[in-house]
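Chain IDs A, B, C, D, E and F follow the sequence of writing; residue 1 opens each chain.
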Amino acid sequence: MRLRIINPNTTTAMTDKIGEAARRVAAPGTSIQATQPASGPVSIESHFDEAISAVGVLEEVLAGERQETDAYIIACFGDPGLLAARELTRAPVIGIAEAAFHLASLVSTRFSVVTTLGRTGIIAEHLLEQYGFHRHCRRVRAAEIPVLDLEENGASALDRIIDECRRARDEDGIGAIVLGCGGMADLTETISREAGLPVIEGVTAAVKLAEALVGLGLGTSKYGDLAFPRPKPFIGRFEGFSHLTPER
Amino acid sequence: MRLRIINPNTTTAMTDKIGEAARRVAAPGTSIQATQPASGPVSIESHFDEAISAVGVLEEVLAGERQETDAYIIACFGDPGLLAARELTRAPVIGIAEAAFHLASLVSTRFSVVTTLGRTGIIAEHLLEQYGFHRHCRRVRAAEIPVLDLEENGASALDRIIDECRRARDEDGIGAIVLGCGGMADLTETISREAGLPVIEGVTAAVKLAEALVGLGLGTSKYGDLAFPRPKPFIGRFEGFSHLTPER
Amino acid sequence: MRLRIINPNTTTAMTDKIGEAARRVAAPGTSIQATQPASGPVSIESHFDEAISAVGVLEEVLAGERQETDAYIIACFGDPGLLAARELTRAPVIGIAEAAFHLASLVSTRFSVVTTLGRTGIIAEHLLEQYGFHRHCRRVRAAEIPVLDLEENGASALDRIIDECRRARDEDGIGAIVLGCGGMADLTETISREAGLPVIEGVTAAVKLAEALVGLGLGTSKYGDLAFPRPKPFIGRFEGFSHLTPER
Amino acid sequence: MRLRIINPNTTTAMTDKIGEAARRVAAPGTSIQATQPASGPVSIESHFDEAISAVGVLEEVLAGERQETDAYIIACFGDPGLLAARELTRAPVIGIAEAAFHLASLVSTRFSVVTTLGRTGIIAEHLLEQYGFHRHCRRVRAAEIPVLDLEENGASALDRIIDECRRARDEDGIGAIVLGCGGMADLTETISREAGLPVIEGVTAAVKLAEALVGLGLGTSKYGDLAFPRPKPFIGRFEGFSHLTPER
Amino acid sequence: MRLRIINPNTTTAMTDKIGEAARRVAAPGTSIQATQPASGPVSIESHFDEAISAVGVLEEVLAGERQETDAYIIACFGDPGLLAARELTRAPVIGIAEAAFHLASLVSTRFSVVTTLGRTGIIAEHLLEQYGFHRHCRRVRAAEIPVLDLEENGASALDRIIDECRRARDEDGIGAIVLGCGGMADLTETISREAGLPVIEGVTAAVKLAEALVGLGLGTSKYGDLAFPRPKPFIGRFEGFSHLTPER
Amino acid sequence: MRLRIINPNTTTAMTDKIGEAARRVAAPGTSIQATQPASGPVSIESHFDEAISAVGVLEEVLAGERQETDAYIIACFGDPGLLAARELTRAPVIGIAEAAFHLASLVSTRFSVVTTLGRTGIIAEHLLEQYGFHRHCRRVRAAEIPVLDLEENGASALDRIIDECRRARDEDGIGAIVLGCGGMADLTETISREAGLPVIEGVTAAVKLAEALVGLGLGTSKYGDLAFPRPKPFIGRFEGFSHLTPER
């Protein structure tokens, strides 16, 4: 199967890292294509960054539809554009936040999230509520490191994340930790070893969930509210979306 | 005060109608500026349409910030880009869905929503959950009319909406109805008269809520998670958003 | 429009203060009439005080109905008698707790409440649950000052409130604070300046919400469960409520 | 033990009926004193009736405190004045709505409520939410009979209630029915036999819960938010409540 | 009435203690039969212990059905086998966790649970959610003592429980404490005196709730989803459950 | 990887069918071992059947632990013994109800469950609440067929299930259907084709989720409340569980 992982930001180093993390866990028959939008922010740390990045995510899904693509992953912890992306394809589309929440709830009864900046905690909270996991998550914590510090100051960023994970382990009454940023995809093993409890990271979780759905022949339902969008004119720089008629 | 009402779709007739509806209820000192994005879909009837429209909404907020603007309204019932827009300004930003829910809960104990297409019901459901009104809303109903039918087949669309409102009144155990589309902004009075119970429409509701906040000197909190986005590079066609440093 | 603000307790100094706070934010055409019951407690600091005060609130609504009254405000943070008051009139009736919660949720994603006595926190909690804002409120805090200390020991009471607001700001992960007592109506500006984030006070919030509803021609729904009460005999000292037949 | 059952309305026939129903189920050592306020509405069918009736309920509790009273019951399905009454005494105070909900949840997994008038359904809904039973209750139904019809048109009222209970049984997926009015206290056995499933009535349920608490030496907690109200001046016709200092 | 209290573990000393606690609060006409399974764990401190203990609980209910039994109590704080037990009988079946939660919510607005081991906290949390009391419970606390320490190191165990109860009282904003283990049935009075607020213990609470239901002629509904199980073959060591046809 | 699928009932034909369904979707490296308890009911259609079956499930997990086992599946829609089983192993343990709910929420926004008997609906409801999916599930429906009819009257049972699924599709506003019985594992494809929307079946869903977790090196957390049970004596026929010391 062909799996398209879309890093919603435009930092190539992060796209590469995400792709590598995905390949490390992919099943033998899974080919990973890691992409990023042509346009958009270099990191996603606000509702604003996220809203802009969604356009690129959707274009990457449409690009995937022109090739053979069996499943999509949206590799930013806010799951930007997730439901919109699902409308564009019969394939499954998985967000890394939802993927991590789902798997965390299968190996523990309660978990905490450790993310980058405190200001994005509300994004995680809203997703936990929408997906149904707000009672399973004891606390959303932030290590207060900007996303790109994960690229540029890896060692010190890692230390801060590990510290926060240990606090979560000791104070929150949890059995597992969810890492709240796609840029942490390469840190899972280290953090889990240092913190001494299961650590779930969304990119790798999403790869396996995508394989699971494809393996079952399950894709996004086209019956009901995730059906293809009604074709219609778009104007201006979004004219290219006009009269979109995805294969039905 | 200067109030910028952003119609997130690109249908001028609808922008005009929304502007007129707003002016009819505006207080004497309120000047209404009704705008629409330069780019985007002619109507919003899916998560996809909504995600794309959010970019235009945000550009319209940034445009408003370059002028004197005291408050913003996002005039599509899915409140596209609402939290992102709030990050861009100290002024209040109100979505018409939230506005209608808030006021409906002040004049009734339970209400129903009557919207255009069934497929957008899930958008209303998610907002009701996020805003806290899911127990106040008995049911999200759809008249099953495309948004632009409100422009092009007004009379027959109106009939269908009135019929659905009457069913809501008779079957749902409610005290009020929320109209679930910005394109219904001119129909409130007629529908309320025909249905015989209070009908709350979001554009007009949002105008008065915006006036309320401005009258109190209240704007979007810049303390915490709605602070201005961290400035950063954007690439490609979104390069213009780079190093955004709104007045602080 | 004529707006009747009912201070549910019988302390004239507080009624005056509430009236002044209301007038400071009222729109040009709004005339404020601040009243208080002829009978009742001098302050409201328990379920008991609140239950007794509701009678006076309802009498003040009935008195308002005998004049021209366009909207009512119940100016105690427990919103005593709110739904009963709504049954008595076609005009809107707004409680100051609900008013503050509504507006706080429009300028922040999460807020805390700072009230007078810890024992009344449960009243706020119950209202947050009934109105749908319990997830938006991080914490209900008390400065542990009796209500009338706001009148009699203003400076020291203010200090304690500011201290508690700062703790809320630093510990709760919020963007705004709701002041939990009608007697704080004159302190909003000072507290907001000292605490450095938006502070929402219910009396002023309610004035603007009342203006909003009246401006839209919206009043309490008389369809369904807020219809006028069925007329019937009352005995004893409540005989005056017998065969109440408000204008329909 | 001495159990004071307060019928919050002023219809003696109903007070007598409630007293009789209570005596039928009381344990040997329980003496039942059925009382009603000196002042108030003849029936309770609205928020307004309920708010006024709460005063009489509280006076009856204070009267009980001047005698030996081991427990109180508030015998109207809206539980008017419940938390205020609890503040006034160390004895347990039980509302008949809560009593019925508690016991219904012990003999079935899901129940429905059958009450008198549709307009009072919202009162039951709010209580179900506050008490925590909103998921256990499938539906709040009304037979659409005024409360006093239970006194004056007993046979036809009974028929309508039985019909509604049968519909609940056949359509709601329930195991038990809660009768939603103190005036139905004498009908339980007949309705249960006709409907063929357990029927829980609040007056009798409350008697047994009161006996349970007294038997355990448990009374209303005076630690925390149900402590005695702070003594203070009341003015006007409520002057008698001034400087209330219940035995501590 | 004949009340069968089933201690789900196999420690006779605990069964005796539970029986004595029950007898101390039982009404004159109530005869208490305290039993324990022939097979099972000596204490219940995990989901595993609980699942195994449920079999013994159900056998004890079936044994009770062969005698005259008017009500059953399951005396372990996880309420093991509760819904299954209800299927086997027309009599009421009460779990001690649910009993304690119900009564605690009648004497306070918010309570905390103090249990033995932290690892069983999740069991209490799941029950609070299922029964509807999760908002009434502020916190589930553990004294971190193994269950049998209550038998073997009574004094030091008691000290730790009292300490934890005092912390709950001082930090949680509560009015009452629920003791989270059947083995604490003899400690209620001491703890309540030491902690200075109402302490609710499940065994005694369940006795009075069972008396309440029996006194009302209420038993487990046999209409709907708690009907007797469909008779069917069981194989192996559970063959004895085959073709079970309880008296209907 | 070695995957042990435990059919909690003792009907070999069903175990075989479940094993075949699992093998059809298993990845190349996954070896499926379908087992059933030595003791227990031939089908599971009540809380009672479920409680008894849990013992056999746990014995099958312990048996698996004595071999090399990489993951476990509990193949009955009530997920009997799930949390207890997780305590016994470091491997992942997946219930088929949770598996189906998780995957259904990834391909649709709302789903309905179609199960066998109405009386087991409450089991699904409780699981939906505990797992967090109660808002995602519109309705739990029953075809009202006994479980073993799936073996013995396959054709007519299938017709009834398809009919119920079509009603769910047409009436519930959903995008997918969850089949609520392990015995339906071979019907998924037919039902999905006949109903025209995605149909998620738990056995196959659980196989892929188990592969996902194992592929990530994730197993049940042994930190916190799913740690191995404390070893202790068991008596009687459960003596074999005494002093259980799973590999740590």
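Structure notes:
Following the convention adopted for this analysis, contacts are C-beta pairs under 8 Å (C-beta built on N, C-alpha and C of every residue); 3 or more make two chains touch, one makes a residue touch a chain.
Not measured: the values here are computed from a predicted model.
In terms of the stated touch criterion, the partners common to subunit A and subunit F are B, E, listed by label. At the interface between subunit D and subunit E, over half of the residue numbers appear on both sides, which makes the contact a same-residue one.
Our note on geometry: subunit B versus subunit F, Cα centroid distance of 44 Å, whole angstroms. Subunit A and subunit B have CA centres that are 28 Å apart. Counting partner chains per residue, subunit B shows two or more touched chains at residues 83, 109-110, 118, 121-122, 129, 135, 173, 224-225. Touching pairs of chains, sorted by label, consist of A-B, A-C, A-E, A-F, B-C, B-D, B-F, C-D, C-E, D-E, D-F, E-F.
Of all the residues in subunit B, the ones that touch subunit D in their complex are 109-110, 135, 173.
Interface residues of subunit A, counted against subunit B in their complex, comprise 10, 37-43, 45-52, 54-55, 58, 81, 83-84, 86-88, 118-122, 126, 129-130, 146, 224-225, 227, 229-230, 232-239, 241. Note for the complex: subunit A touches subunit C at residues 118, 121-122, 129. By the touch rule above, subunit F contacts subunit A in their complex via residues 25, 27-28, 83, 92, 94, 98, 102-103, 105-110, 131-136, 169, 173-176, 196-198, 200, 204-205, 208-209, 211-213, 215-216, 218-221, 223-226.
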